[in-house]
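Chains here go by letter, A, B, C, D, E and F, matching the order in which they are written, and residues are numbered from 1 within each.
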Amino acid sequence: MEVEQFFEDYEVGASRRTLGRTITEADIVFHAGHSGDFFPHHMDAEFCRGQPFGQRIAHGTMTFAIGIGLTATQINPRAMTYGYERLRFPNPVFAGDTIRTTVTIGRKVDDPKRPGFGQVVEICETVNQHGKTVMYCEHILLVQERGSP
Amino acid sequence: MEVEQFFEDYEVGASRRTLGRTITEADIVFHAGHSGDFFPHHMDAEFCRGQPFGQRIAHGTMTFAIGIGLTATQINPRAMTYGYERLRFPNPVFAGDTIRTTVTIGRKVDDPKRPGFGQVVEICETVNQHGKTVMYCEHILLVQERGSP
Amino acid sequence: MEVEQFFEDYEVGASRRTLGRTITEADIVFHAGHSGDFFPHHMDAEFCRGQPFGQRIAHGTMTFAIGIGLTATQINPRAMTYGYERLRFPNPVFAGDTIRTTVTIGRKVDDPKRPGFGQVVEICETVNQHGKTVMYCEHILLVQERGSP
Amino acid sequence: MEVEQFFEDYEVGASRRTLGRTITEADIVFHAGHSGDFFPHHMDAEFCRGQPFGQRIAHGTMTFAIGIGLTATQINPRAMTYGYERLRFPNPVFAGDTIRTTVTIGRKVDDPKRPGFGQVVEICETVNQHGKTVMYCEHILLVQERGSP
Amino acid sequence: MEVEQFFEDYEVGASRRTLGRTITEADIVFHAGHSGDFFPHHMDAEFCRGQPFGQRIAHGTMTFAIGIGLTATQINPRAMTYGYERLRFPNPVFAGDTIRTTVTIGRKVDDPKRPGFGQVVEICETVNQHGKTVMYCEHILLVQERGSP
Amino acid sequence: MEVEQFFEDYEVGASRRTLGRTITEADIVFHAGHSGDFFPHHMDAEFCRGQPFGQRIAHGTMTFAIGIGLTATQINPRAMTYGYERLRFPNPVFAGDTIRTTVTIGRKVDDPKRPGFGQVVEICETVNQHGKTVMYCEHILLVQERGSP
């Protein structure tokens, strides 16, 4: 769905929560094949039995891709991704976990190098079914200012 | 391949370069289905004709997943991912582009909160076949110090 | 396998039964990514616990695609699909269910608008391992008449 | 996005149009593997050269799954799928085509067998980039009436 | 389709030819992810430009899996795979090639160690659209003898 | 990783062992779709209950593709695959099994037909978590001799 929002329209503190998605063993297998990362932490159940978590864990890159993918329901034609900061994975994701992401407008910053644009920082926090944070990052958007050419 | 390295073993400035990988239309379709992000920038060739790049572009989350996945050839049992900083996508990836990643040890930092561990910052830079940077990030590792219990 | 059959060769009441196939969680995850339908009824195990079926259910479009796909073992060069009628999903498909399809020639109808062709209606019924119908539809074929140019 | 709508809330003639999606060769290969239908019309470019369309065509079951999948952006907790009628594929889909679906409320019908529910018929029409219809069907929803228990 | 054949029923020289299948770039990407083999001969178009074939080539393991998979249309409940001999890949498979397999009964051998069974050797030859052999192997079946317990 | 080795550099008896990988139900479903082999031994849990193994088994072509894929960590620019001999599957692979492959240099043979090249035979043995062999084959490499033009 397209939702047009200029820099001025973003409200610090505004928040939206995505649908949930259950991460499956199939997702982990997919992601290994997609990314080329077949490390035993993700792919070798026998190895994992001897590790602290006792089982295979999702790739961080997958938790990021799906955690952010869950938010991809609103297209703002006035915004584009500048980058991400402080990407963290405080807790592991296991097959069978159900995750969802909350996006909160964290702060708005002028962008002196890009006249007509400002930076909007979205705080993205992905939690599992126990309410534990499995992914945290700050998504930096460049957003057009109203009235800019 | 397992390559055991303690905090002391990392040398600032040391660098390795991965194999190359050609990103395909199939990868973009996969990633949409895997992440759930079907935004027209990635999926709608007609829409993209009217956009600045003129064609579909890879998802940032995919460039990250594959760019980092390319580096997954050496397992260090003494290191674990703490997070990523300054993730940027300075240029787009198109179907047909070939990318590879260079990993350089950027700096080493004490980690006062975690005795026995230090932080190693790997600078990850993914470039396309024209030498243009398509992904940049700083991968922060927690690495055990030699002689720590 | 090619099996040439003209309109006259179809016998009302003739029937064939396909091989069985176990539907897996991986199939449901695939289908979400393939179709772009990530509704929580298919993807969110936590949400589903509070729903009547208590667990994730297969997409109707998947039950249709696989139920019909199971029949794709005989190619008749004299027939083409005109469409489907009365597509129904009387019972849900869960991961772990094994389904198979029975195709019965239901009726034959002249096609006044297309000289040289007749309509053959295949009744397609997909059942699970408990004999419950999970998909029903009527597949309408246009089939060349013998001796038509 | 959840959009609660009772039977009374549907307005005949109301219409929404989905995003577009470019169908790729990868989608056709996926769908063959997902459905098990490897008929040469979809999979054998050499065979197709001698056929009327001159090239591989998408499976009807895929055009249906993706055409309907494109509409899966609004969840109505008061509605459930009853079935589909008059599913047709008037024109083929080729790799490279971009499709989108228009959903129009076609009619509303009482459902005497199910007190408290009515039937809403959504006309789903999927068109390609030339405006040609590639899929048509009538999606029958059972929708709760306002004030039903 | 089930076709019951005892050892005595196999006729040396009998032959069947499968449908054709066009190998796509998507298949090569899939196979890399499925097998974990991301060697640049299959995945790096830039690297391949400097190689004898000038382009990416299919994995041998994929040509084998698909070449043999094409033959999987007849199930003989009296036979099981013992192994394969002389697996060769005389010519490369490129994205866009169309392959099909011919299976010929090459010879029948007693199996002194397994009373009641004989060995049937199927010569499997996969050719591309130019008639060049891209895969050759001898598939050894253990087949029950008629009248064995 | 590139490891340049001439014919003379291979030492009979030298051996390396790959990482392990847990085979999942998703892998079996993938492989069916990739290869086109949907035989009930791999795909129909109900059918398999009545068979000797009592459950679905991996395709031999998959055990080969993944068993060999696990070894794809060292590229030798002086070697190319000539073929495989004596491919066997002594024990089945089930979903949940973890496999790894040992590659041992079995023998070195002159190749009279190809001056400047010799044949190196790698014995590839894939075992499951119980130490049982699930795949055996002899991989024949053509390797350049040192000093050949």
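Structure notes:
Keep in mind that, in the parts below, a residue touches a chain if its C-beta (ideal position, glycine included) is under 8 Å from a C-beta of that chain, and two chains touch if they have at least 3 such contacts.
Since this is a predicted model, take the numbers as computed values, not measurements.
For the pair subunit E and subunit F, chains touching both partners: A, B, C, D.
Traced through touching neighbours, the fewest hops from subunit B to subunit E number 1.
Per the C-alpha superposition, subunit D sits rotated 120 degrees relative to subunit E, a value rounded to a multiple of 5.
Farthest chain from subunit B (centres taken as the mean of C-alpha atoms): C. Between subunit C and subunit D, the centres computed from C-alpha atoms are 15 Å apart. Averaging Cα coordinates per chain places subunit C and subunit E 30 Å apart. Subunit F has its Cα centroid 38 Å from the Cα centroid of subunit A. Counting partner chains per residue, subunit B shows two or more touched chains at residues 21, 24-27, 29-30, 34, 36, 38-40.
Subunit F contributes residues 24-26, 29-30, 38-40, 43-47, 56 to its touches with subunit C in the complex. Of all residues in subunit E, those touching subunit C in their complex are 1, 73.
The touching residues of subunit C, counted against subunit B in their complex, run 30, 32-34, 36, 38.
Those residues of subunit E whose C-beta lies close enough to touch subunit F in the complex are 21, 27, 30-31, 34-40, 59-62, 64-66, 68-70, 72, 75, 81-89. Taken together, the subunit E residues at the contact with subunit D in this complex read 19-22, 24-27, 29-30, 96, 98, 129.
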